[in-house]
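Paired with subunit B in one complex and with subunit C in the other, subunit A is shared by the two complexes that follow.
What follows is the complex of A and B.
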C-alpha cells in the first residue's frame, strides 16, 4: 500500500469559510445518506461547497467539532443514540432531520405508543436481558431535540436535499413543500388509481417523491408520512367503499406514519 | 505491548450502518475480538405479522437501502413460493435485469468508493480523485448507470414499489431496453480496465487463514445470483428450504446478534464465495477477468472479495446484454396470480454481499411468521476470525503501524451491511 494521507475535504477553501457540515445516521436503512452519495453529479460539488467534517458512511477520520449544519437520518432507537443526538444538537447551529425515520420514526415506529414495544422486544430477545445501551422504541428526532428543518421521504428526494443545501449555503431559509402526492401525480398526467377503486394513500401523504409509485400503477403506501392538509376522514370513507375495513386502512396508514400519523387518526379509530 | 490494551475502532467508517471493532490484547496476545453492531433494534419480523404480502413487499426492503432490491427479490421469491405463483420467463428476466442494476450499484459503490481508498492510501474517494480522477469519474458514471437501472426496474432509485407479486407495475419499453443495452456495453472497457488496475495492486497477507464459502447455485448452467440450492465450497449441496439445519445460528456473549455457522464453523458469503464456487461457469470477458485475477490465495484472503466484485461487474454488464436481447424477443408478461392463500416458502437470492434468505408463512392471505437471514449475519463470525488472525500476525511481526486501519480494511473487504444484520437482534448486552 502506498500512501499519502489527505484531509477529509477534497476542495480547497476559496477565499471564504465554507460552512461546516456533518452527516449522521442513527437507526435506519442508511438510504438517506446513500441518496446523498448517489447524487453523483453533485457529490463533488457538496464536498467543494461545504467543509464536510463528518460523514462516516463515506469517509474515515471525522472531525467532531462545531458545525454549521448537521443532517441526521434514522430514528432514535437506543439510549446511546439519544445521547449522541443531544450532543450533535449542541454542536450544530442548524439541525436537519432527513428521511422518514428521523422525521416520523420510520417503519420501526408503526406501532408507536400502542404499548407493544416491550412485548415485541421480549418476543425477539427473550426475557431478562440487560442491554449495555437501553433500547428505545424508534422515535423521530423531535421527540428529543428541536429540529430546524425537515426533509421527509423514504428515502428523501435528491432535488429537495440539494435545494435545502443551496439555500443554507447562501444563508437563506429552505422552503417547506406542503403538497400531497396527488399534486405530483396530476402533474405527471397519471390516471387516478382511486377512479379504478385501487388502494392509494396519495391524497393524505406528503409529496416530493414525484408520485413514484402511482406513476407505475402501484398505489401510494404513504411512505413520506402524513400530509397535514389531508382529509383523512373522507379518504378513509372512500377506501372503505372499495370494500376495505377501517382496521386495515388504519393499519396500512400506520406502516409509515410513525409518530406523526397519530394526531390525524386519533378520532377515526 | 506488555500490558492489557484495548483497541477500539469506532465508528467503523465507509460501511453501511453503525458498527465498530474491539480487540483486547494482553501481553502481546489477542484475548478477544468483537465486531460490535451498534444500531438499534427495528424488529422487522414483528413488523410484517398480520400484514398482506403486498405490505410485506413494501416494508422489508426498508431493512437496507443499498440492497433494497435484493430484499424485494428474496421476499418475492419466498412469498411466491408460499402462494403458488409461477412467473413467466420474461418476468424472471426483468428481475434479473433489476438485480444486475443493484449488483453494479453496490459493487461499484463498495469497490471504488469504500474499499479502493484503502488500497491506494486515502481517507475517501473524493480525496483519491486528485490523483485517480479518471477512475473516480468513470466509477461515478458506472454507479449512475446502475442507479438508473434500479430506478427503471424498481420504480425509484431506493425503495421503489414497482416490483410486485407476480410481476411489475410497469415495464420499460423496447427503446429504453436498447439504450440500457448500449450503455452496458459501453461500460465494459472500464470494467476491464478496473481488472488491470486491481491486477497491479499488492494485496497484503497479514490476515490469511483458511475458511469455507457458501453461495446459491443457479437453476441453470450459467453464473447467476439466485437459486434454491445452497452450494458449499466442500462440494456439498442442500435444499434452501432446509436452511435452518445447514446454517446454524449462534448467540454470542458480547452481542445479541445471532451468528451464522456452517458445520459449526464460520464461513464466508459474497462475491468471493460466488466467484470461487461458480467461477467455472463464467464465459466471455468475465471469464477472462476471473482467470486473470483468481489465485490460490483467494481461499485465505478476504481482501480479494473486492477483486471478485470487479469480476462480477464484468459479468453483470455482459449478462445484462444477454438478458435484454432475450427480452426484446419476448412479449410483455402478464402478472402471475396466487393460486392459494396459505403456504410456506423460502426465497433465496444472492445480495451483493452474499446469500439472503427470506422465509414466510402465510395463512389466509396474512403473514403469521417471517424469518430473514442476511449475509452480514452469516459472515460476521468469519470477519471476527480474520480480524483475530490479522491482529495476531501483526503483533507477532511487531508491525504496529496503521494497526487499526489494517483491521478495518479486513472488515470493510466483506462489505458489511450493518443495517441488514441489525434488523434481527443486535443490541449488545452484558
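What follows is the complex of A and C.
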C-alpha cells in the first residue's frame, strides 16, 4: 500500500483515506474470522486504521466494492465459492489466505488429489443428488487465484495477523516465519516427545502456534501445514523407528497437510 | 575452586584475564551441612533467588517456592542458565516520533543458586560476546544485577567437561560451594560473596585444615574417575580446518531435522533476531522485540535481496560446529563448548559434539 494512503494515529486519520479491508469465509469453521473479532485489545485500532467494508461477524451491511486488502478464510469447496473467490480477487489489491483451510485445504483436503473424490461423494450423498452448487474437492485458495500472503494456522495467530496488518498498513514488507514448531516448543521448555519415541510432527510443521499441543503432552498434528524446510524423509524414518508404518505416517501428515503436503511426500510414499 | 589447585589439573590452560568484577579468591571457608538451608534462605536479602527446580517434570532455572524444591549437585537443567541473562524473548525498547525509550524492566536483583562449574564457564564465554564493546546493555544489566552461587556436581551420563577443561572454575562466582558430604568447602569469589558470608558469619569456619583439603583432593580424584564420556578436544580446531570440505557434513545433513534444539539448549549459543513490531494505531510507533534465533533455521543467513548464504542444511551444521570448535577459539582463545552434554541429550537424531568429533576423526558419520 502506498504511504500516502497510510493512516496515522488518532484524530489525524479522520477524513483521510483509510485502506479498505474485507474479511470473508468460505468452507471452514470460521475460527479464523472469530480470532480476528477476538483481537480485543487491538480491535478498535484495526477498525480505526482500516475501513472495514465487509466482515459478516462485525456487520450485516457489507459494502462489496474495491478493496485494498481481502482476508479470506476457508477452502474452496463449491463452484459458487470458486466464483466468489475470483470475484474477490478481482477487486482486492492484496489477497491474504487465512488459516489452514485457505492455505492448504484443511481437513476436508486430507485425501487431496488421490482420485477418490467422486466415489466419496457418491458414498456419502448417493447417486442422483441435485446440488445447489456444484461441489469441488476442498482446495486452498491458490488452486484458483494468486495469493499475496499466507497466514497459516488452525486457527491463525493473533500476533501474526497484527504483524501482517501493521506492516501492510505502514507500507512495510511482511516477513515469512519459516521456523518449525520445535522453536517455540523448546522456548516453552518442553521435553522433546521424540526422545520418548512419541509421535510428533513438530520438525516438519510450520511454527506460530506456540507449540500448543506438545506443551500439553500431545504430539504435533501438523495443523499449521508443512514446514518447507522440514526434513520429511529423515523424520519419517525416525517415526518408523518408533514402530509406526509409513502408511500411517503419511495418513497423519495428510490430515492437515492438504494440497501443500503432496510435494513433500510424493517421493516417500 | 581456586587457582591454588591448578597444580592438580595443570593440563588446563589458565583462563585469560577478564574483567567482570570478580576478585581473585582470597578465602576458603568451611560450613557444616546443617547451616546450608538457612544460609540459602538468607540470600533473598541480596535479590530474588533463582535455582534449578522442577516444573512440569523438567528441571529449569526458576524461583523456588521452598528450599526443598531446589535440585543441586548433578542433574542439569534442560535450558541452561543463559536464559536468565539472555532472555528468550523481550522488548528492547519502544519507539515513536520523538525517539526510543529502552526497556530494562526484565532486569532485577537476583541470586542464582546452584550454578555448576561448566555453566559458570558458559557465562564467562557469553561475557566475551556481550560485554566486549559495544557492550550489550541488557545483558550487562542482568549480569551486574545477579550474584552467582556456584555448586559442585558429580558428572552425569553425558558430561564431558573434563575434556573441555570446564570442570573447575577459578572466577565467575561470588560464592562456590563444594559438597564433600560431611562438610562444605566454600570459596569466596567476590566482595559481594564476602558480604553474604558476613550476614551469617557464625555459619562459617575459616580454619580449613590440611586434612580438609586432602578430603577435597580425594573427592576431586573420585569425580575425575566418574566421567563416562570424553573426547580429544584440543585436536578439534585442526580437524575442523582439515574437514571443511569433508563429505561427513552432507552425511549429517541428510539426518538433521533442523529443529534447532541443539542451539537452544547450548549454554554458549547466543544468536538472536530483532523484529520491529509496528503499532496498528500509528505509522511511527512500535516496539523492538528480541528473541532467540538458531543458525539451524533456514532463514538465519538470509540477507536483503534474497540471497541465503547457508540455505543448505550441511552448510548450517558446518557453521555451528566450526563456530563451536574452531572459530570461537581463534577469536577468544577458548572453544565455545563447555562439555555439558546437553546437545547429546537433546538431539532426536544423535547429531552432537561427540558424534561430530568422532566423525571428524573416522571420516564416517556414526550410526544412530
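Here are a few things to note about the model shown:
Operating definition for what follows: the second predicted complex is superposed on the first by the 255 of 269 C-alpha atoms of A that agree within 3 Å, B and C clash if a C-alpha of one lies under 4 Å from a C-alpha of the other, contacts with A are read in each partner's own complex, and residues count from 1 in each chain.
Rule of thumb we're sticking to: a contact is a pair of C-beta atoms (placed from the backbone, for glycine too) under 8 Å apart; a residue touches a chain by one contact, two chains touch by 3 or more.
Quick caveat, the model's predicted, so the values are computed rather than measured.
Residue contacts after overlaying the shared chain place A:231 against subunit C, while subunit B stays out of touching range. Comparing subunit B with subunit C, more residues of subunit A are touched by B. In the superposed pair of complexes, A:90 makes contact with neither subunit B nor subunit C. Of the two partner chains, subunit B is the only one touched by A:221; subunit C is not. By the touch criterion stated above, A:122 is placed in contact with neither subunit B nor subunit C.
After overlaying the two complexes on the shared chain, residue contacts for A:187 are found with subunit C alone; subunit B is out of touch. Residues 6-10 of subunit A are contacted both by subunit B in one complex and by subunit C in the other. If you check the complex, the residues on subunit A that touch subunit B are 1-10, 25-32, 34-35, 37-38, 40-41, 43-44, 47, 56-62, 75-78, 80-81, 106-108, 110, 120-121, 123-125, 129-133, 135-136, 138, 154-155, 209, 212-213, 215-218, 221, 223, 251-252, 255. Across the complex, subunit B meets subunit A through its residues 11-18, 38-47, 50-51, 55, 58-59, 62-66, 68, 109, 113, 117-127, 129-130, 140-141, 143-144, 147, 155-162, 164, 168-170, 202, 204, 256, 405, 408, 419, 422, 424-425, 427-430. Interface of subunit A with subunit C (complex): residues 6-10, 42, 45-46, 48-49, 162-163, 165-167, 169-170, 172, 175-176, 178-180, 182-183, 186-187, 189-192, 194-195, 202-204, 228-231, 233-235, 238.
Listing the residues of subunit C that touch subunit A in their complex gives 55-58, 60, 78-79, 88-89, 254-261, 264-265, 275, 277-286, 291-292, 294, 297-299, 313, 345-346, 348-349.
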